[in-house]
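Per-chain residue numbering starts at 1, and chain names A, B, C, D and E are given in the order in which the chains are listed.
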Amino acid sequence: MNLNSFLLMRHEIVLIAVALIILIAEIFTSDQNKGRIRGLAVILFAINAIIGFLPAETGSLFGGMYTTVPLHIVVKNILNIGTLIILIQSNTWLKSEENSDKFPEFYLLLISTLVGMFYMISAGDFLMFYLGLELATIPLAALVAYDRYRNNSAEGGIKLILSSAFSSGIMLYGISMIYGMYGSIYFDMLNPAIAMNSLTVLAFIFFFAGMAFKISLVPFHLWAADVYEGAPVNVTSYLSVISKGAAVFILTIILFKVFPTISDLWQKVVWVIAVMTMTIGNLFAIRQQNLKRFIAFSSISQAGFFLLGVIGGNQMGMTAIVYYMLVYIFSNLGVFGVIAAISNQSGKENIDDYNGLYHTNPKLSLTMMLALFSLAGIPPVAGFFGKFFLFTAAAQKGFYILVLIATINTIISLYYYLLVVKAMFINKSETPIPYFKSDFMTKLGLGLCIAGLVITGFASGVWEMIAKMAFGM
Amino acid sequence: MLNAGIPMEAFLVVSTLMFFAGVYGFLTRRNLITILMSVELILNSVNINFLVFNRFLFPDKLQGHFFSLFIIAIAAAEAAVAIAIIINIYRHFNTINVENVDKMKY
Amino acid sequence: MFLLLGLTGHKMKPAIAGIIGTTGLFISTLLSYITAYKYFLVDGKVDGVYHKIIAFNTVWLQLTDKLHIDLGVLLDPISVMMLVVITTVSLMVHIYSNGYMKGERGFHRFFAFLGLFSFSMLGLVLATNIFQMYIFWELVGVSSFLLISFYYEKPSAIAAGKKAFIVTRFADLGFLIGILILSYFTETFDFVTLTTPGCPAIAQAAGITFMGFSVVTLALVLIFMGGAGKSAMFPLHIWLPDAMEGPTPVSALIHAATMVVAGVYLVARLFPIFALTSPDALTVVAYVGGFTSLFAAVIACTQNDIKRVLAYSTMSQIGYMMLALGVSGYGGEEGLGFMASNFHLFTHAMFKALLFLGAGSIIHAVHSNVMTEMGGLRKYLPITHITFLIACLTIAGVPFLSAFFSKDEILTAAFHHDKVLFFVEYAVAGLTAFYMFRLYFNVFWGEDRHYHHTPHEAPLVMTLPLMFLAVASIFAGYLPFSQLVTSDGAGFESHLEMPIAAASVFIGLVGIFVAMYMYMKPKGAPEKMAVTFKNLYKWSYNKFYMDEVYLFVTKRIIFAYISRPVAWFDRHVVDATMNGFAWAANYTSFHIRDLQSGQLQKYAFVFISSVLILVLSFVYLFMN
Amino acid sequence: MDVLSLLVIIPTITIIGILFTKEKKQARLVSAIGTGMQLILAGILVWMYLAERSGGNTAQMLFTQDYMWYPNLNIHYAIGVDGISVAMIALTAVVLFAGVFASWEVEFLNREFFISLILLSTGVFGFFISLDLFTMFLFYELAVIPMYLLIGIWGTGPKEYSAMKLTLMLMGGSALLLVGLLGIYMNSAPAGQPLTFNLLEIAKVTIPIGAQRLFFPLTFVGFGVLGALFPLHTWSPDGHASAPTAVSMLHAGVLMKLGGYGCFRVAMYLMPEAAHEMAWIFIILTTISVVYGAYGAIVQKDLKYINAYSSVSHCGLVIFALLMMNKTAMDGAILQMISHGLMTALFFALIGMIYGRTHTRNIYEMGGLMRIIPFLSVVYVIAGLASLGLPGLSGFVAEMTVFVGAFQHADMFHRVATIVVTTSIVVTAVYILRVVGILLLGPIKNEEFNHFKDASWFEKLSTITLLLMIAAIGLAPLWLSNMIQHSLVPIIQKLAIAPGI
Amino acid sequence: MEITVHQIMFALFSAIILVFSVLTVTTRRILRAATFLLLVLVSTAGLYFMLNYQFMAGVQLTLYAGGIVVLIIFSILLTSHISQKFEAVGWRKAYFSALASIAGAILCITTILQHKFQATTEAAKEIDMKLIGNSLLGTGRDGYVLPFEVISVLLLAAMIGAIVVAKRKKTKE
């Protein structure tokens, strides 16, 4: 073990460094100059994201507690990009008066949760996994409750932290049983050992429930909508995009790495859960008025689509998941970017408020429409490709009925996405949201999303790269 | 061995019962703080599991032992944040009755 | 060789003025005369038989490897004869219309339609294959529709046009299915192949039976249905009387002389198959023809609208022709009926066109076509009067006028074949004479009515065709038809059978005299008659309620019991099911909302119970 | 650049061009130029195609291009055309061109309107040139989705409801289709060889019968929804009734053809055994469709509803004919697609123009239009005649080919179905004449109507373009029929090899 | 089988744990609940002693009993009156929760009891502080330096989070 091998943990280390620099900067800047920290944070994070793309070695550290493979790096980079966009988007909001005394903490908390996710991704044993999970959750609860002046924010925070504690309790119970049965917490030791028996089933399901909670799969999703609604917009986007994406990926690799011997079991579980998630998420989304809540349910159902890749249980599925994660980041952040921009400007978050938006703010509406279409899986935006590949992955394993249910669910989801489109383009309003000029950061954030949406699909290179990495797994 | 004559399953039964006592508490208590206490019960029972397994089945490595150590640490951190939020809730709602914290629904 | 395709040019021509249309048709007429001349006289018979000549043929649409629709020109005795008939009558009508339609709105349109019609009709008769015939058959139907609804602001005209089109369309459906069946079994559309006696395709198809009938019979009956539709045979006749809503020249052209005989032509065209393969089908033709002729004659006796009288008379006469075909055999003497039918077709075209144009002239003068508003017109309309009288005499079968010959041939053929039909026709001959002279006397004799202005004779452009046709009506009977137009192309000697001829002349004269007695001077006799045969009169006056039956079928059954329920079903069942899915989604969505109660503990409860349920189900799923 | 990709590129460039326009006039001018070029290109394509064929090129697909897109999944951007696609492309170009002129006077958000319209057409063109099922599906969805906005924003009546219904039902169809396509993909190559989406490649293998039984219905119904297969046609009346003129034209005229085209090009071509096995179900459904649509049309009061039901009937005939699986019937099906595309587009254009004047589509509120707007009325009558199958116009050619072809089927069931289907020609006549009678003929019902002006130049251009095509096909169908029949050969062969029931 | 001291101790601790666990979640006085929790935690430490995990027992006592419970009591004092008595739990909620919990407990226990854990083959290790220390800072397999570092980040983040959330408004004077 030498210094060089620490570079394997480059992503995490750089992130922690960024966090520390921000912390130090906060301490040593006067109140007048604090505003610059925002710029600093974005720049630092951008640098971090770029560093992430530098070629890296792979391997494992700490006796297998930390492993990194190319695919991990890809996923981390994707999460970096997503977080970068969120940071850019949240700039306007953090500028506001009410956040003036605490916005540097926002960066700290956000980055620490990202670190948690990175560790989860690279975890080689259940302990690291659990620590990463908590690191990705506890500060997040603080972030949800960040907006001290709103009841909803606090309510969201308490709901998140208590239910996550509850779920991690259940998950730990499962892990403890696995440990008891197979005598290790290391993934590489467990992998061949796990066999099918009823206690394993119990333990697996307890564990799975914990993960499902994190991804907000039905029926473990109930916290999600309330928390999403309560949280500040940018935190919601972080929750629904980065946190969820990471969790899905982690679930997948754990299923692949730890439980391949009982894939019969978990494929069935995932099947059931996927169907429920897609359907119930959609059914709830239909009748939402608050856009954040709306997107909360929509992203619940999106999580169900991710499971189509999970159930495939092969490289194809893995690639599809990672690819869709990227697409999903762009799409959902596009939606959230618009919601945030409008929410910051006018405080309006209801679908009805968006009536006639196209006539006053055409560019925002178009962005929103493209992003929604991407979520619904409509060409030519990237969501189409993402969904298609997910379906292909599931179909490859012969889960045609599941694919059929999923495609039917895309129709339901299309319905409610179209409701928003309808509000913006078709409905007339006496008092539409007036025209406003977005600042540079908002434009940049949305621009990145649009570019991502348009390019990701047509440029097959992205997919190919991920596929190559996934095959290396 | 200090535990001679006591079957491992007995420990597990105790911990499981404790676990579900915690679950019951989580499901029924009205006060947010008591809910937090229930969570502690749950985590505690998990700790017992880890330690028991470690001691009875895999004594030569300390994996379970350290796992529960970290769980305790995390429980503390969690409690800290949770209590901070609870206090915040108290400021907003003037109560910490969980049933009143339901402004967002459907 | 005959440049007949030049006729095609007609349709393209927008017929900006009647002159162009007339001129164009005049050229076609000349061409067709030349054709007839060359075909019958110059080329003449080969081996004593008129051969079918394919003047021109090109593949229009390749369907299967064997089936293809061609466009071409087929010349044989009947088609050449039809050519002459059509061009002649059409030319007359064109000339006549120049006067009749003067000052009407849409004068060009009228000539354009007339041109289209003539083109289609020629295409029909010259068709080399049954599908080409069908094509032009449809075109004829459409142009007929257009011409009937010419006065498109008059609701009755629109209704009549619609009715004509739909009824014939319905009949065409039978035609089409017949074609499908025939072509399926014989694998050809081509007339020459089909009508060659002993054609192997037919012979082979004849062996195949379906529900007890030979498929050929089935096909032929269906095809005859098409013919019956166009030729207004019972029960598909109902459109014809209404079609009189069209301008009178149109009635003359389409509904007297040309289009309505298309059905006869069709049967004649396929005659070898009928006669040789499927006598059953031929019997159907005969009886339908016979019944229609009687039925129509009875109705004609009671109608008041002069054009309607003529329309029913047309039906009756076409019934004659059909019957003649039906009782005919194939070849030589046996084919007397065939010859007679075509003969009658020819003569009928002349005198019926004359009658209609005459009627047009009367209407032109009186501005009404109701008989009771006319009377004593002989003073005002001398030329019309004379020509009309000639026509009436002809149709009544007065000796030495053209119809006398053709009708007697038919009666002869019927007499030798089927006595029942013979007596029917015999009665019809009497009725015909009666109703024609009822018309004649009512219009030209009797008292003067109060006219808005004094009726005056039509201009020369209108009377000239009358005169020409009158001449034709008189002398057409002297054409040696039995030499020219026969079932197998070979000629035979025909001669009058005196007893039959005498009897028919007698019955005709009886009819004339009865009419003269009743209508020449108003004596109230008709009313007495009407009272005596009250029910018969009433039924006949109301056309045996056929229209009502149709109305019932269409309005009540098709509209009320098929279409409306279909539309309702579509909206309230099929569509509602689709909407039902959406509704169900919303409904479920609403009813599961309590799941999301905002209560943290309920969430946890769902969480833990889901976990337990999953465990329970999967443990037992896997342990068993 | 190859000629086929240009078909997709020109619309894209047009869209970009419209984005840069400032004024309404410019926007429509650019659209007109773009679609005009597209029309010319389609013409050139037809010419090139015929030249190639007469030059003795007998490849199944011409002008093929193949670019690897997703090597990992073996997804290509593969394009190529045969006679059928060429015909459909020409149809699309004509209808699009006419559509742009028919919507010349769209005022509200006109740039967006033209963009959506052309985007839709891009999808259609792309669909017809695709040889790769993936790109085909992509273009298919691309063609469907702009409909929502087009109907929702520029439509009339209960436009939001209709737009939503149409979009959802069509996307529902594509949901089934997607599963079907994936199923085909998964069985597209023998074990061990790379899977493929390429149509021609898949055609070379025989998909296992078990898989066929599963995926044929999915694919067929998936496409069938767009082809208004009973009982999944209900989007059609509402959708068409609410859509703006050009959209109805393009949708009924072209988009519905995607359904039929997909049915045989994908479902039947690739899965012939299952097609044989299950044809009877769909024959019954389409027979119902044909007759039912026609009867449904009789009692409608709204012009567009009449036409929509008539489309259900006509499109039902398309699929019906396809299912007969012989050359003639399929030839007829394609002719019917083209013919129906043209005449229904013409109908909708006219209805739009009439509506633009009278502001009602209820036939009982109108009457005597012949006198007021003779040009439009005459064209309407001709369109009507084409619809009821008058010889000399395209409808007749198509219908007769279908009937004769369908009747050639050796099986009694098929022939009986054919006879049932033929009865629709009478019913068609009834509803067409009913409309003509009430709408155009008769006395003028409303005094205000007297002020109407007859067609303006762009309306004339729009209608005459379509009319000419209808007449051209009706008068000289042989070249088109030959072009189609030649291209049908491989499909027929594949169907013929497959064992019957 | 004679009853050993250990068994008696175990029975005692278990009894305390179970009874007070239930009491913790059922008592209607909040401070009592906290006290009962403390008792449970202490008895758990007792169990750890029995298992020969002195270090863990110590941590349990200090961190859990000493830290968390105190934190909880503080917050109780901040947010409630000491003598405050809760209303009784609604019967439906209690009933269903109890049902779920009991069912869960039965399910888990039967499953556990059915399962035959593999008997140990390893020699018990004496756990002294040195071993614990070495393991905690070890970098190889069964070394826990990485979790150790990560949890420090976690604690930092949690601290910041707690501060951010609990910070009062700046007074704008």
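Just a few scattered comments:
Just so we're on the same page, a residue touches a chain if its C-beta (ideal position, glycine included) is under 8 Å from a C-beta of that chain, and two chains touch if they have at least 3 such contacts.
Fair warning: this is a prediction, and the values are worked out from it, not measured in the lab.
Using the contact threshold fixed earlier, the set of chains in contact with both chain A and chain B is C, E. The interface carrying the most C-beta pairs in contact is the one between chains B-E. Chain centres were defined as the mean of their Cα atoms; on that basis the chain farthest from chain D turns out to be E.
When each chain is reduced to the average of its Cα atoms, C sits farthest from chain B. Relative to the centroid of all protein Cα atoms, the closest per-chain Cα centroid is that of D. Chain C and chain E, compared by their mean Cα positions, are separated by 101 Å. With each centre defined as the average position of its C-alpha atoms, the distance from chain B to chain C rounds to 96 Å. Note on chain placement: the centre of chain C and the centre of chain D lie 37 Å apart, centres being C-alpha means. Centre-to-centre, using mean CA coordinates, chain D is 70 Å away from chain E. Of all residues in chain C, those touching 2 or more other chains are 582, 593, 596, 598, 600-601, 604-605, 608, 611, 615, 619, listed in ascending order.
The set of chain A residues that touch two or more partner chains comprises 127, 131, 134, 138-139, 141-142, 145, 148, 154, 157-159, 162, 166, 170, 177, 180, 183, 198, 202, 225-226, 287, 415. Those residues of chain D in touch with two or more other chains are numbered 168. Touching chain pairs in this entry, ordered by label, are A-B, A-C, A-D, A-E, B-C, B-E, C-D, C-E.
Touching chain E in their complex are the following residues of chain B: 1-6, 8-14, 16-25, 27-31, 33-34, 36-38, 40-41, 44, 47-48, 51-52, 55-63, 65-66, 68-70, 72-81, 83-88, 90, 96.
Contact residues on chain C toward chain E in their complex (touch as defined above): 601, 605, 608-609, 611-612, 615-616, 619. Within the complex, the chain B residues that touch chain C are 23, 26-28, 35, 98-99, 101-106.
Listed in rising order, the residues of chain A touching chain B in the complex are 126-127, 130-131, 134, 138-139, 141-142, 145, 148, 151-152, 154-159, 161-162, 165-166, 169-170, 172-173, 175-177, 179-180, 183-185, 225-226, 229-230, 287, 293. Residue ranges of chain D in contact with chain C, taken from their complex: 165, 168-169, 230-235, 237-238, 292, 295-296, 298-300, 309, 326-328, 331, 368, 370-371, 385, 388-392, 396-397, 400-401, 403-405, 407-408, 415, 418-419, 422-423, 425-426, 429-430, 433-434, 437, 440-443, 476-478, 481-482, 485.
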